[in-house]
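What follows is a pair of complexes built around chain A, which joins chain B in one and chain C in the other.
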Partner chain A sequence: MYRIRFHGRGGQGMKTASRILGSAFFAEGFEVQDAPSYGAERRGAPIFATVRAAHAPILERGPMPQPGLVIVADETLLPMAAGGGVLSGMGERAVLLLHSAVDANTWKQRLQLACRVLTLPLRLEETGGRGFVGALCAGAAARLVGIVSREALEGAIRQELAAMPAQVLAANLTQAGEAYDAMKKHAGCVCEAPEAPAPGAVDANWIDLPFEAAELSAPDIHGALTSIQVRTGLWRTLRPVIDPERCSRCHWLCGSLCPDAAISPEAEGLPVIDYEHCKGCLVCVAVCPRHAIESIPEAQAREQEASP
Partner chain B sequence: MSETIYRRMSDLPSTHLLGGGTAMCAGCGGLQALHQIYDVLGTKTVFVNAAGCMTLLSVYPFTPFRGSWLYTAMASAPAGAQGVRDALDILCDKGRLPRDEDLQVVTLTGDGAAYGMGLSATSGAIDRNLDFLYICYDNEGYGNTGQQSSPATPHGAHTATATGPAGHSGFKKDLFGIWVANRPAYVATVIGTEPLDLARKIEKAAKLSGPRLILALAPCPTGWDFDPQQAAEIGRLAVRTGIFPLKEYLDGRVVHTKVKRPRTPVEEYLRAQGRFQHLFEPERRQDVLDAIQARVDAYWEHWDPSH
Partner chain C sequence: MTRRLLTGNGAAAWGARLADVDYVPAFPITPQTEIIEQLGAWIDAGELPARMVTLESEHSMLTAAGAAAATGVRVFTATSSQGLLYAMEMLYTVAGWRAPFVLVNVSRALAAPVTLETDHNDVLAARDTGFLQLHCATCQEVLDSVLLAYRLAEHPRVRLPAIVNLDGFTLSFTREPVEIPEPAVVRRFLPGFDPQSVRFRASEPVSQAVAVLGGTPYSYFRYEMHRATEQAIAAFEEVAADFERATGRRHAALETHRMNDAEIAFVMLGSFATKAVDAVDRLRESGVRAGLVRPRLVRPWPAAALRESLAGVRGVAVVDQNLSMGKGGILHAELASTLYGVPDAPVLTSFIGGLGGRNIAPEEFFQMASVTREAAQTGQAPEPRLLFTAQELREVRRLQGIALAERHETTHSGAERSAP
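On to the complex of A and B.
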């Protein structure tokens, strides 16, 4: 069975990538299962989608603990533990494909991985600036597994993007084709792995819950504002930075229009962005009348923070 | 003229009550409106939330609110509000809750519930003159499940269930008009990109009792297909083009609180969103564009005939 896991951010097209690859496998005569993770598929949030393909009925379900191929559309997801971790379950025979401007050897050393690491060069202009790389990633994956023909890939893209305007479809076909060609040298490097045997059946360790009065089983819980423990700042790929020189100390535009209420003024009236929760939508950058807020890549901001 | 504490932008709240860390999309126009609304309503509120995107605001053990929140099925938030209101009244009557600690009951739903599935429960709540504030964040589709068409979807928009060359064939239902026809205490439209107009309306609504609706247009980067950074510009275009009129109903009268003259052609609003791209490419659908503009023009011809 082939097991492929796509990681990206909501809006990058990883669900679509999984559907394209799944349909392409199906066209090649495989039994297929493809599914996005459910629950947190929000624009900018870390998401993943999985594809299983085999010549026999697929009995595995749920998340994919031991993938043969992991594709990461956004390198900033690599340090994050969310979603079980982008690199979780990658054995020596697995393949990691990163959509990144940094070369594969550097990544292999940085991540200290035993498995094969490949990169798909990052070319933002090709995605129309919108960051949709679903077809690109599906095209690369199709070649890496080695048994999906270009015709099956293109047919799957036409099927999955049927509702898109013709020029969007054409651009995606081109991107996918280029990614397919770029992976030629590595065609077939992703191996099939056998269906995992069911782990030795162990009796569930059931805990008996006795019937309780309502005030015990449904206690009043007073926990206001607990959402602030969720660090949605990790969604951010671009960071808004306020220039105190240019800021006029009007807090009400950026502060009111920030969807996440993540901007409030400090004592002197200078708005301060709560980077723990700012999702990087950049509405503040767009609305500041003094152009006092600029956006910089999150990775660059972290490097600046790290170096004194 | 009723007194307002929100005379100018600098009167708007600078610190915010709603917590960060929620699962709403980056650039969510609904959350933008909600956090402004919450700042004005204050903490003496209990939210009754129908299934929808904002269900994910409070996922145990996390909540961005400072008070209680109740989750109901999609069609029954106003019924849930009735139960909470009744319970509060009983507690007050029995002296177990001091009257000055009484809570504002706020129903929070998307347009799927407000315009469609939940409209029957809403109608019943209005019949019973329920004292509640209904907030609808209207992103013009069933956003949480992938933007299928809802009764709030505008004509021509592409949705997950309207993928044809002319988009959605229906027209956005007039929920404001449906409420007004019942002569409730207050009805208003708001948008997060007009925070001062929003704050004044919420301030007014909070002081009234009986059924009240706040209808917030919620530009939706995911469902409407635009870059999150464009969220504010699209909200402003919705007002400038006149496609989303800012208005309120009080004491038997409808008053428009922002009237743009001249109005920007509605095309500018449509062009900025992916869900309308099929009206421009590969070929321009002048017939659909004209139909949309004609409806906007007819609306304003009725309400603002001299311009």
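On to the complex of A and C.
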């Protein structure tokens, strides 16, 4: 069975990627199961989607502990504790494909991985700065498994993006085709993942859960609105930036409408955004009466920070 | 016949479309909303000649569903989790009206804490309402069960509403190949609703909710609901046989896998049962005579079929994706009462797992089998097992560490604020 896991953030198109790849496998005569998994239902929140393809009906369900291929659309997920276990279950035979500007060897060393690591170069212009890379990732995955033809891939994209305007469809077909070509020399490097260990080979590792008093075991957190220790700033694909020249200091507007309480005024009344927790929902951009808040792609913002 | 990739939600919508429903009262809730979105899109495009009304709550939605069904039209509605519980009062009420319709529930674990992922405490809370219950394991079954449920609910000997249950995420958002039967085939299996005496009309008042005092008439009506639900066992056989003739697909009230010479068996509900099918096949390869029994029909409870299929089995691992606090697994209790007093009944072991979307890993099925074989040998069932691993406890400890750090952080900054 082929087992493929796409990781990204809400809005990047990982569900669409899984559906394109699923439909392409189905067109090639495979039994297929594709499924997204997302908790937060918010743009920028970590999500993953899985595709299973086999010649017999698929009985496995739910999480995919032993993927043959993992595709990561957003490299900021990698260091994140709550990133949904991007690298979990990756054995030596697995393949990791990162959508990143950093090269594969650097990632392999950074992550200390035994498996094959590939990169799909990150280019902002190809996503229009909006971060949708679903077709791109599906195109790369289709070539890496080696048994999905270009025709099946294109047919799947036409089917899954049928509701899109013609030029959006065309742009996605081009992107997917380029990714398909870029992976040419790695075609077929993803193998059908091994079956789970035989009965008795692995212990379930159960424990007897002890009683713990409600002081510890009630589901309470002690942060205001959003958890302080969880740096949800990593969710952003777009960053709101306040222009102090145009800002009229009406911080009660953006500050109180921010769903994460991530905007508070400094002494002079200028609202300041806490980028460690701002999720990039852009409510502030929408409500600012002076249009003093603009949104810029997060990757671009980080580049600007790195080169002052 | 078209075979295409459909989600469980898509399959439920196709079921309603093929059943040619007249009225769809609706209220959104994750992970169900796609069902009504799809039906809404079809109605909007003129592909489904039905009326959809969005209500202000699930309580009103179920009231509207029951009231419309009482006029003799075919009604479809859907909800999930908190929505089902919010409608609970009306579930009992409309079932008592004896007006048939189909309610799809997309199982999602109940708050608190809040989650979106699946387990069966929501649908099992509706166990005693008077609704029939069909539980699905695949997207194909979701489509087929909606059609079966209409025939069953509208059966003249039954006439009760029915819940078709599918698991959130593992079916609702998961695409699998599904065969969509031709409308003509479905029309032969499920003709338009013949409401017979179900005909509430303007200017012809009927009270559906008479008040009764003294207990005797009340008992009569409730006993008759119970008798009608019992009738649904035989009616299901009849309907399933018709369905098989129409589509070639057989859906028994009790699904079994490799039970012929089984020494141990898993008993469970819903989509994770396909994982148990896989585990059974792997166990067979390693020489363990394992099998699986999955009640598709949960209300009425197929007690006779369960006793028959578990005869000769030595140990049964009951896997409950639900938890009755202070008691344990609901399915375990149901099965124990079914087998109580049966000579040579198997030893029952109890496993609680898959709560709130928690996975049940292959090695856990294997370990359940091994625990159950040992229990069968000794004749002693161990304490119910709450599936939880050492690694999971470490994960919880990490989260508790964050909560604790925040408690200090917020207390500290609070002190700073109040200092000057």
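Keep this in mind: the second predicted complex is superposed on the first by the 204 of 308 C-alpha atoms of A that agree within 3 Å, B and C clash if a C-alpha of one lies under 4 Å from a C-alpha of the other, contacts with A are read in each partner's own complex, and residues count from 1 in each chain.
Note that a contact is a pair of C-beta atoms (placed from the backbone, for glycine too) under 8 Å apart; a residue touches a chain by one contact, two chains touch by 3 or more.
This is a predicted model, so every value here is computed, not measured.
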Which of chain B and chain C A:A213 touches, first, second, both or neither: neither
First, second, both or neither for A:P165, with chain B first and chain C second: first
Touched partner set for A:A306, first chain B, second chain C, both or neither: neither
Which superposed partner A:Q229 touches (first chain B, second chain C, both, neither): both
Contacts of A:P265 with chain B and chain C, given as first, second, both or neither: first
Partner chain(s) touched by A:A56 [first = chain B, second = chain C, both, neither]: neither
Contacts of A:C250 with chain B and chain C, given as first, second, both or neither: first
Touching both chain B and chain C, residues of chain A: 221, 223-224, 227-230
Chain A to chain C touching residues, read off their complex: 19, 22-23, 26, 31-37, 39, 41, 58-63, 65, 81, 195-207, 209, 216, 219-224, 227-230
Chain A contact footprint on chain C (complex, rising order): 5, 30, 112-113, 115-117, 169-170, 173-177, 271-272, 274-275, 277-278, 282-283, 285-286, 288, 357, 359, 361-364, 366-367, 369-370, 385-391, 393, 398, 400, 402-403, 405-407, 409-411
Of chain A, residues touching chain B in the complex: 10-11, 40, 42-45, 129-130, 162-163, 165-167, 221, 223-232, 235-236, 250-253, 255-262, 264-265, 274, 276-283, 285-287
Chain A-facing residues of chain B, complex: 9-10, 12, 14-29, 31-32, 35-36, 57-58, 61-67, 158, 163, 192-193, 195, 221-222, 227-233, 277-278, 281-282
